[in-house]
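Scrolling down, you'll hit the structures one after another.
Note that subunit A is present in both complexes that follow, paired respectively with subunit B and with subunit C.
After this line comes the complex of A and B, so read on.
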């Protein structure tokens, strides 16, 4: 599968823009100051954006940087959320233990699913993630006595400290920032460089001594871990879980977020998540045809903006700096 | 350094390699020649573990490496360059070589140290040797074809091999670029003491750099020895050298 929008040359140009870190820190500052002045509904919306941004970025780690066609990422998100829900409703264990356990369970599941998938390539890899993911969904859907089936689990008891909208907002923001920093560091590490190298040329990577199956499996597990963390955030926000969290259409939604924001840019998926979450809430209040709208977005995207919104913006920026450089050279 | 004993491989009935034998002594340049379709590339793929043989043995430094997976063969000290340019097109020149160096030093799995601070010196050493240092920051798909072939060899050297396999290193190159590669092969062999096994169609190059030559015809070894012996060999003249003049 050719993925021409994954162009690292654009990443390179972006690093030159000096005010990018300043911009990000100021954005973070604004985000931290918002809760007292924002109406409850918008606070909720923004909190959901943070959670979803983590989910979309965790997918892009394997999809954009790893080139792995992960078609059912929502499974790890859902299993993370269900782990918290089940621990809090079926045991007397404290919340923090559930919150730590959930990403680990998601990572363990990713290790099992990934163990099978990394043996395959391209579309076959994708089909197997889809098939095994739907299997997990079916288990949760059918195992009524344990998971409450399609009723889901509601009114999950949360400790007071993490149940007010403001504290949930700050926890989501904090977890998002920490997780993104970790993922960014990993992408810039030898592990990340090698992952990108495998994406670009698996045969050659093997020839220089990289165990590509093991490397891809490790990336898969890591991405499952962070999806599980997003699942914990979901329970904090909604205090409920349902099987639709890990239905395949949820995975398609995450996939579209990554495409929409731009998979070659680290923050692309976060922007894609923000756009889609806000749109779905706005559209949802006026009509029932959210899937139709999403389909239209996907269509327009593929036709006019294959590199994603942030990818496009960076291209504009990049071109400017290059032209500036040429002018300087001419003078 | 490397011994190959009656190696065989067929693809759905077609015998690509049948009874190929070869030895590469330490520090020597050995060339495998033969007409197109003689099984040279298949032989290389068998040595590096990209395909598994049906029969025969491959022994490297006294250890049998028959049918080991490619990454393990690489870690034992066998590196290869490919016939077609086979690089990491969206990485920089520096990163292309760095990936190999990281893998050799078992650093590929490190998660939190920024890659740009690691193995910098080792990587630059290789780039410097091959004259690629000035273009280290370029995205390598923007290099000229000749430079990409040099980078191809640079990636192999990043694995710091003891045995280097070069599959038609000068294919598609200009005479000038070919001279650069010949120079490079001689330097790697004489100064670095590398053992080199190469395939090549350019007979002038082969007789210039090789200390031993193995001739393949229809998947079989029909001659092996010093260049002068091979040139005199009747079977070789009939099968190959005669055809091309």
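After this line comes the complex of A and C, so read on.
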């Protein structure tokens, strides 16, 4: 399977003005100043966007950069959320312990699932992630005495410090920024570059001595960790969990976000998440047919804008990253 | 746990496996020839059930309605799938798997809401036709008559597919296209229409599966999501594109599920995933040889 249209090799062009860092820092500044002036509903909406952006970016780490067909990413998100929910309702452990534990549990699960999956290639890889992910879903769905089954867990008790909408907003923003910085650093590290090399040419990578499976497994675990962190944020926002968090259609939704924003651009998935979250809330309040709208958006994207919104903007302004001709030639 | 109970459960499992096979055969055929991952297949199955419902309900719930539904619903779905292939799918054959997955997923979302629009979101149900109501009882083994009917239809479909693929000119061309499309093109066959025809045949099989299931399940929105996952698991476990592999894994999963319901009813839903997981770990590229 070729992913060469995600090629980032031309990114190393000389930069004159650090335009993008300035833009991002000022965006962050605006985001930090918003809570006092924003109505509660929009605050909630933005908080959800931050959480979803982290989830979408964590998927893109394995999908876009790792080139792994991860079809069931929501599992790690859901397991992270369930870990927090179960620890807070079944034990007397403090919140911070639950919040630390959740991403670790998700990462552990990713290690188990990934250990089986990285032995397979392409579609088979994707299908096994789907099968094992649905297995986890079925267990949570059916283990009524432990997880409350399809009722989910509601009214999860949170400590006062993290229960006001404003503090939840800042926590989400802070966690998003820190996690994105870490992921960006990983992508730019020798490990991340090796990962991209494996995606673009596995045979050659192997022949120069790269252990493909180990790298892919590490990437898989890391993305599971950050999806679990997004799960913690979800519990902070909603104070409830349900098995639908880890049904396969949730994973498909995350895939759509990545594609919508653009998988070849680091912030693409974040933009895709923002667009989809806002659209779902807006369209959802006006009509019953939100899925139809999402389907049409996806259809248009796939047929006319496969590089995503941010990918397209990046093509328009300056850096040419995606080459249509090469894309066709590669297949 | 008596032997007769096990035996009747085995038959129920086999008949369910037959339905899985009919749906999965269409999916694996499309996989094999078009090399496209078709998530819309589950929607075709759902459409088969809903259209079947409308046909049968329109005519009256008797035998005539049932047989007419079995003929008309799959044909209607085949027509719809032909439109889907010509309208959308033909543009992404040369793109990545992910793009194909997402295109067909977009169609899943659209089809789901269109069904909601036309049929509403409440449950529908059909009764089994008069000739198939009741059960056969041999000794202490009882099996619903409709399951026996399914047990006969499944092998018939398998036989028909085998005859078509191995003993007709068109079927042989399909298999050749699966192996090497370029060569088929060079030999002067218009593979574009082979693709369209195979996709329509896949849709016909999904529609048939849906119509056959209509009398025994709640016809509802969301019946596509579960089915497509099962069909995928079956196809992958069987070996991508291999129809006989799909037959074997359908029966394994159908029977596994039926016994699961008997021995640990709470956990029956987990079993297909466990079976698939174990089989894929043991045989990473499927039970039988994949055509890829």
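By definition in this document, the second predicted complex is superposed on the first by the 304 of 331 C-alpha atoms of A that agree within 3 Å, B and C clash if a C-alpha of one lies under 4 Å from a C-alpha of the other, contacts with A are read in each partner's own complex, and residues count from 1 in each chain.
Heads up, the rule we're going with is that contacts are C-beta pairs under 8 Å (C-beta built on N, C-alpha and C of every residue); 3 or more make two chains touch, one makes a residue touch a chain.
Here the structure is a predicted model, which is why all the values come from computation and not from measurement.
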Do subunit B and subunit C fit side by side on subunit A after the overlay, or clash?
fit
After superposition on the shared chain, which partner residues are touched by A:192: those of subunit B (first), subunit C (second), both, or neither?
first
Partner touching more residues of subunit A, whether subunit B or subunit C
C
Would you check which partner chain A:200 touches, where first means subunit B only, second means subunit C only, and both and neither mean what they say?
first
Could you tell me if A:209 is touching subunit B, subunit C, both of them or neither one (first, second, both, neither)?
first
First (subunit B), second (subunit C), both or neither touched by A:21
neither
Who does A:36 touch here: subunit B (first), subunit C (second), both, or neither?
neither
Could you look at A:155 and tell me whether it touches subunit B, subunit C, both or neither (first, second, both, neither)?
neither
Return first, second, both or neither, reflecting whether A:122 touches subunit B, subunit C, both chains, or no partner chain.
second
May I ask you to decide whether A:248 touches subunit B, subunit C, both, or neither, giving the answer as first, second, both or neither?
second
Which angle, as a multiple of 10 degrees, do subunit B and subunit C span at the CA centre of subunit A?
80
Could you grab the smallest C-alpha gap between subunit B and subunit C in the overlay, to the nearest Å?
14
Listed in rising order, subunit C residues that touch subunit A in their complex are 37, 88, 91-92, 94-99, 101-103, 105-110, 112-114, 116-117, 225, 229, 232-233, 236, 240, 266-267, 269-270, 273-274, 276-277, 280-281, 284-285
Can you name the residues of subunit A that touch subunit C in the complex?
1-3, 5, 63, 69, 71, 116, 119-120, 122-124, 126-128, 130-132, 134-135, 138-139, 141-142, 144, 247-249, 252, 255-256, 259, 288-289, 291-292, 294-296, 298-299, 301-303, 306, 328, 331
Residues of subunit B touching subunit A in their complex?
48, 50, 69-71, 74-75, 79-80, 82, 86-92, 95, 98-100, 102-104, 107-116, 118, 139, 155-156, 158-159
In the complex of these two chains, what residues of subunit A are touching subunit B?
6-9, 12, 182, 185-186, 188-194, 196-197, 200-201, 203-212, 215, 218
